[in-house]
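Each structure below is given as structure tokens.
Two complexes are shown next, each including chain A; its partner changes from chain B in the first to chain C in the second.
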Partner chain A sequence: MSDRAEAVGGPILTKATRWILWIGIVGIALILWRFGVGLGRSTGLNDGYAWGLWISFDVVTGTALGCGGFAMALLVYIFNKGKYHPLVRPAILTSALGYSMAGLAIAIDVGRPWHVWRIPLGGFPDMGKYNWNSALLEVALCVMAYIIVLWIELSPAFFEKWKDSPKEGLANFSRKAYGIVNKSLIWIIALGVLLPTMHQSSLGALMLLSGPRLHNLWNSPFAPLLFLISCIAMGYAVVVMESALASRFFNRPSHTSMLASIGKVAAYIIWGYLVLRLVDLVLRGRLGLMFQFNVYSLMFWIEIICFAVPAVMLMNAKKRQDLGYLFRAAMMLVLAGTLYRFDTYLVAFMPGENFSYFPTVPEIFVTIGIVAIEIMLYVALVTIFPILAGRPTTAEAH
Partner chain B sequence: MAFDRRSLLKGMATASAAAVASASPVKAARERKVVPEDARGMLYDTTLCIGCKACVRACKEANDLPADTRTPGMEIFDAPTDLNDYTKNIIKLYSEGDRRSYVKRQCMQCVDPACVGACMIGAFRKEKFGIITWDRDRCIGCRYCQMACPFGIPKFEWSSLNPDIVKCEYCRQREGDKKWEPACCEVCPREAVIAGTYEELLAEAKRRLAEHPDRYEPKIYGEKDLGGTQVLYLSHVPFEKLGFKFDSEEPVPEMQQTIQHGIYQGFIAPAALYAGLGVVLWRNRRKDGAEGEEGEA
Partner chain C sequence: MLLPRVVKGVSSKEMLNRGLDRRDFLKICSIAAAAVGLPAGAGVKMAEAAMAGQKPSVIWLSFQECTGCTESLLRTRFPGFAELILDLISLDYHETLMVPSGHLAEKSRMEAMDAHKGKFILVVEGSIPEKDGGIYCMIGGRTAIDILKETAEMAGAIVAIGSCSSWGGIPSAEPNPTGATGAPMILEDKTVVTIPGCPANPYNFLGTVLQYATFGTLPELDELARPKWAYGRTIHEHCPRRAHFDAGRFVEQFGDENHRLGYCLYKMGCKGPVTHANCSVQAFGEVVDAWPIGLGHPCVGCTEQKVLWRTAIHETVDIERPTNPDTYPPIGAPQGKVGAVATGVAGLVAGGLLGAGYAASKKLGDETEEEEG
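Moving on to the complex of A and B:
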């Protein structure tokens, strides 16, 4: 089994991807429509629920799902587990795409995206007017920087392909750039760990500013840490899912034993998360809120169970050697992390009885469309560039 | 798979830097803000308000706001159902059996405002007289202010393609007029809402409360609630009934900013974490160079 990354090759557009492409096109059309009619008509948002599906899913959950690159960088470069190296490049790709799409979603969600340049430039010309108290500013700056870092981290995959290009200029540039990136890789990777540590925890701090309007099961000073821990676990889960799907659809060797080990790491992280969640409620004296039979305690229990199930599943050393079992556990973990974010950003937020929110159909299709675009770009990039490890195996019977 | 203890500890040390940073500062309290010296405000008294809505009308005129004829069945009236993108000031009615009361709602001009704490590049600021202002040119339309404000004051122009945030700014455009006060206070025929310096208003509210303890709920809303507001309320019905649900004295931004300041104090923790990561990476790479890929593969 070769672990060198190689381009998948073959056609990008197949019967399946053609469908996905169409869903993406519908999404793009609806995005254009949103800019034509405004947020009021295109979304279910209102003055009470000013943030909806696009923020809770595309941005907050989307970036957490994009933490595969972060989680793998921790494992491979910080804990120095070189053997997982074949999983790094595809993880970086999913992260780069996840974060880029989250950036796109922010641009769609804000009222005046043409003012977004003011964030990196501090509201030029008054550079001093940054509000350093704003958790959102921290998130925005970090996410912008991290998108760039991720594409740089991925760039060797492009340069490896282009350096053999018949176009001499491109080939020369690629050889040079490859060298530069390689030399500065340590500091780029360090940034690739630092930035998500910062903004994923800040995403947990964001909603604390809703103060008394955030339900106490979620209004916790530990939220930054809980968001950080859970995003790393979600990162591993996404790596497992992505790798399993890629090996199936592109006939690559499945790195099952490696994925099983990663699953075990994820399990330990979830246990840490669950303990912290409990300790937090005890310390704040809010344990009783779990047993009030209302929508909040119900959502809390669903969320906790969704975390606990994969935590238990992934502890089983024998069963987790089975790719399907591993995949199901990872999916459950992704669902759990998603629920935690939806609960924090939507369910636990209480703007008053006068307000209700449910996403409109176009709003939902924009979200689905963005995911479709992400999948299309993934397929296109792994087809063209050396990202997935190993040569195709002979078709297995499934 | 086995993590050898050395690399595990090494990694844990760097990873836990962030953990420690985010958990420990909760204890180190952030300093409470006080009412600015030049603070101006309003005092609203439910026992005086007759619900004439002259203030609503005056506010629209002073701030160039369109009539809100969007309420179904009320298309021939300016009949907003709540504060909204056309309405910075509103009179609402609370009625339950015999008990009824009007209540005027507008920006509370918080002493420690959540909107200002939320806003990324300072479109919201607490300016002269402690008035909270909004700057169109700096606003990106992210609506974090709406998620933060405990009183639900900032409103968004949902139907606009270049949407503004709409909220009471104490008629600051009239500053410099001979007898500057917000239009709502100027026009009120019963002086149910009056403008003045915060000091004057608080003294007046205390005087009324002392003079007629039978008439009022024994509390001045805004004196301490959520860290204090420059708009003060006296009421003959429980404040909760008027929509003032929160009476904690903790300013809304306190917990979040205590945490954020703890983590990012002088940017030391992130810088240290970055340096630590760099060192670990550099050592790992050097070791790899010397003895090849480490760990049991």
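Moving on to the complex of A and C:
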């Protein structure tokens, strides 16, 4: 699998990445400031809205955008479509970064992050007192485990580079570790498919726990399934976008026909999502809520249209071959999935008449900063390690 | 109480002759105005109009109804019915209350219509049957539709009292054998103020009619032409049992311990959360608690076409906007605000991303074409 990948090489810091680095530094400074003054002063959160931008974007949307690795693993390993292999490693890198940054965002958002290490230890030293039926605990454990799994899945890329290292110890270790990881990769990949299935659906279940405080257009027993389906579609969209941008910025093969057929897969998934969403509304007798012409029905329609447009766009087999067209459809799909998550976590949530929420400026810049750090790390890692597919454009023959 | 010495059954002129002075008469008018929520000074205007002999003429048409709305109007005290029809308005046609009968009754309707053309208030009580040409309700050989249309043509204002005339009421319940419907559905091109309720709260009616009589204007109406001051909120919002709902204390069975303790009736099928009316704050005929929830029965939603006779009394309704949070916003504490700068930044970021994405897609598209070309 790895012999096709090749490091990009060249300098990490260019004019563009320097700007991104500065944005990241501002973000880090604001994160430190947040720990200094507390959540109350640094964010727009209040007793009604305990979850704001960091949860709805960085965690819930961030992990869904990080589902590229999951979605590609499904395609390549479960449905055995080996031809998409060159896209797997970059997808896993995006996922690893997305999930790691989501983990960072949770640590910033929770009130007492210094207790986080106790979660995987079953609440040590208060063992046995955990509520194992908690969806939130499930998310926490699964996301933690999946971050580790993703980096292990990516590790062959590091070992490939390090095994030729002039440092004897590192080279020896890398050779040994490379063998072990390669042999156990089947189990790691299996975990890498199981874990996101679990926690992405749990993310859909979380807001159901708020009961009638979630507006009925989103308050569906199917929400976990809808979250799962939409995150897979978003995963493919991110793979398309990432691949298109990487091919442009790092002068790599663009895999357009491969991306086009992924786009087709994504389109079928969205159709499934849309049908399920509407059937669910019909079965529960909630269809009328779509036509109330209030802020909820308006947001619902925007969301549904954002899903439907790429679903229609991606069905066009001819236009799909145009990378720009494909990119626009993927962007729309990412927007749709993001809206679905924002609607569920913020818009549809009704904590009480007098509460309102909008992120503060520092809150927004922390989120932008985290994304900037993510981009920086992506650039650095693909520059140093063999992750993106190599220059020869014979990928189709693989 | 400062009740004027009212002599029942005599007209205002006679009252003056018998010793009802100007002061007492002004009191009647002011109490009437205050009771129905008209602005200060309305009482004086009302009195002046009455003294000048400009009492508004009222024609009251009764169709498929039980006379419950009239009965409840008879039981008001501020103003009493006698003061209302003798001092404040001129009730020219009302089948239950008028002296003439037969052709004489119809004649007085025609006379009043001619004399007060474009100025009289038309009150409709009861639903109007549409099926088979409307033959199921006929007065003096003419159908209800016919009479209603004829009278409405010359009316200054039209008020539908009760659920029957507002949207059909009981007669329109499935299978609706007479094709009963409300006055607004017959008079589609006219403004018909609806005062639904079974019976309608008489003060909601009086407030509307006396405002028109005094100022010549109608109150602000909602999309179903109900006065907003009376039907602007749901029962649930002002329910005396609301605290029990918020605390999760419910009657589980009629006559159980919770019922005796006066807990919330939601689980017994109370339609309060979807019913727009002011029963909880405007007592019927000044008898406190003389309404379903006050008596320990769930609200049946009698003002709502979509509820009454369309959902069973024991069925619970969906609550779209529950307002029972885990935590109430503390008084005076920050409850979240939307910063102008934050909104701007968020907009710039979102717009920037979309713009950059579109620009990138354009470039990618160009490249594909170059490769192909």
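FYI, the second predicted complex is superposed on the first by the 388 of 398 C-alpha atoms of A that agree within 3 Å, B and C clash if a C-alpha of one lies under 4 Å from a C-alpha of the other, contacts with A are read in each partner's own complex, and residues count from 1 in each chain.
Throughout what follows, a contact is a pair of C-beta atoms (placed from the backbone, for glycine too) under 8 Å apart; a residue touches a chain by one contact, two chains touch by 3 or more.
Given the structure is predicted, the values throughout are model-derived calculations rather than measurements.
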Side-by-side fit of chain B and chain C on chain A, or clash: clash
Residues of chain A touched, compared between chain B and chain C (which is higher): B
Touched partner set for A:V366, first chain B, second chain C, both or neither: neither
Touched partner set for A:L228, first chain B, second chain C, both or neither: first
Touched partner set for A:F79, first chain B, second chain C, both or neither: first
Contacts of A:D47 with chain B and chain C, given as first, second, both or neither: both
Partner chain in contact with A:L65 - chain B first, chain C second, else both or neither: neither
A:L203 touches, of chain B and chain C: first, second, both or neither? neither
First, second, both or neither for A:E353, with chain B first and chain C second: second
Which of chain B and chain C A:R328 touches, first, second, both or neither: second
Contacts of A:P212 with chain B and chain C, given as first, second, both or neither: both
Residues on chain A lying within both footprints (that of chain B and that of chain C): 45-48, 212-213, 351-352, 354
Chain C - residues contacting chain A, complex: 318-323, 325-330, 333-339, 341-343, 345-346, 349, 354, 357-358, 360-369
For the chain B and chain A complex, residues of the former touching the latter: 1, 3, 7-8, 10-11, 14-15, 18-19, 22-23, 26, 82-84, 114, 116-122, 138-144, 146-148, 150, 152, 155-163, 226, 245-246, 248, 250, 252-253, 255-261, 263-264, 270, 273-274, 277-278, 280-282, 284-285, 287-288, 293-297
Complex contact set, residues of chain A against chain B: 35-36, 38-41, 45-48, 50-51, 74, 77-83, 109-113, 115-116, 118-119, 122-123, 129-138, 140, 186-187, 189-191, 193-194, 197-198, 201-202, 205-213, 221-222, 224-225, 228, 261, 264, 349, 351-352, 354
Chain A residues touching chain C - in the complex, by the definition given at the top: 44-49, 212-213, 215-216, 244-245, 248, 254, 256, 289, 321-328, 331, 335, 350-361, 363-365, 368
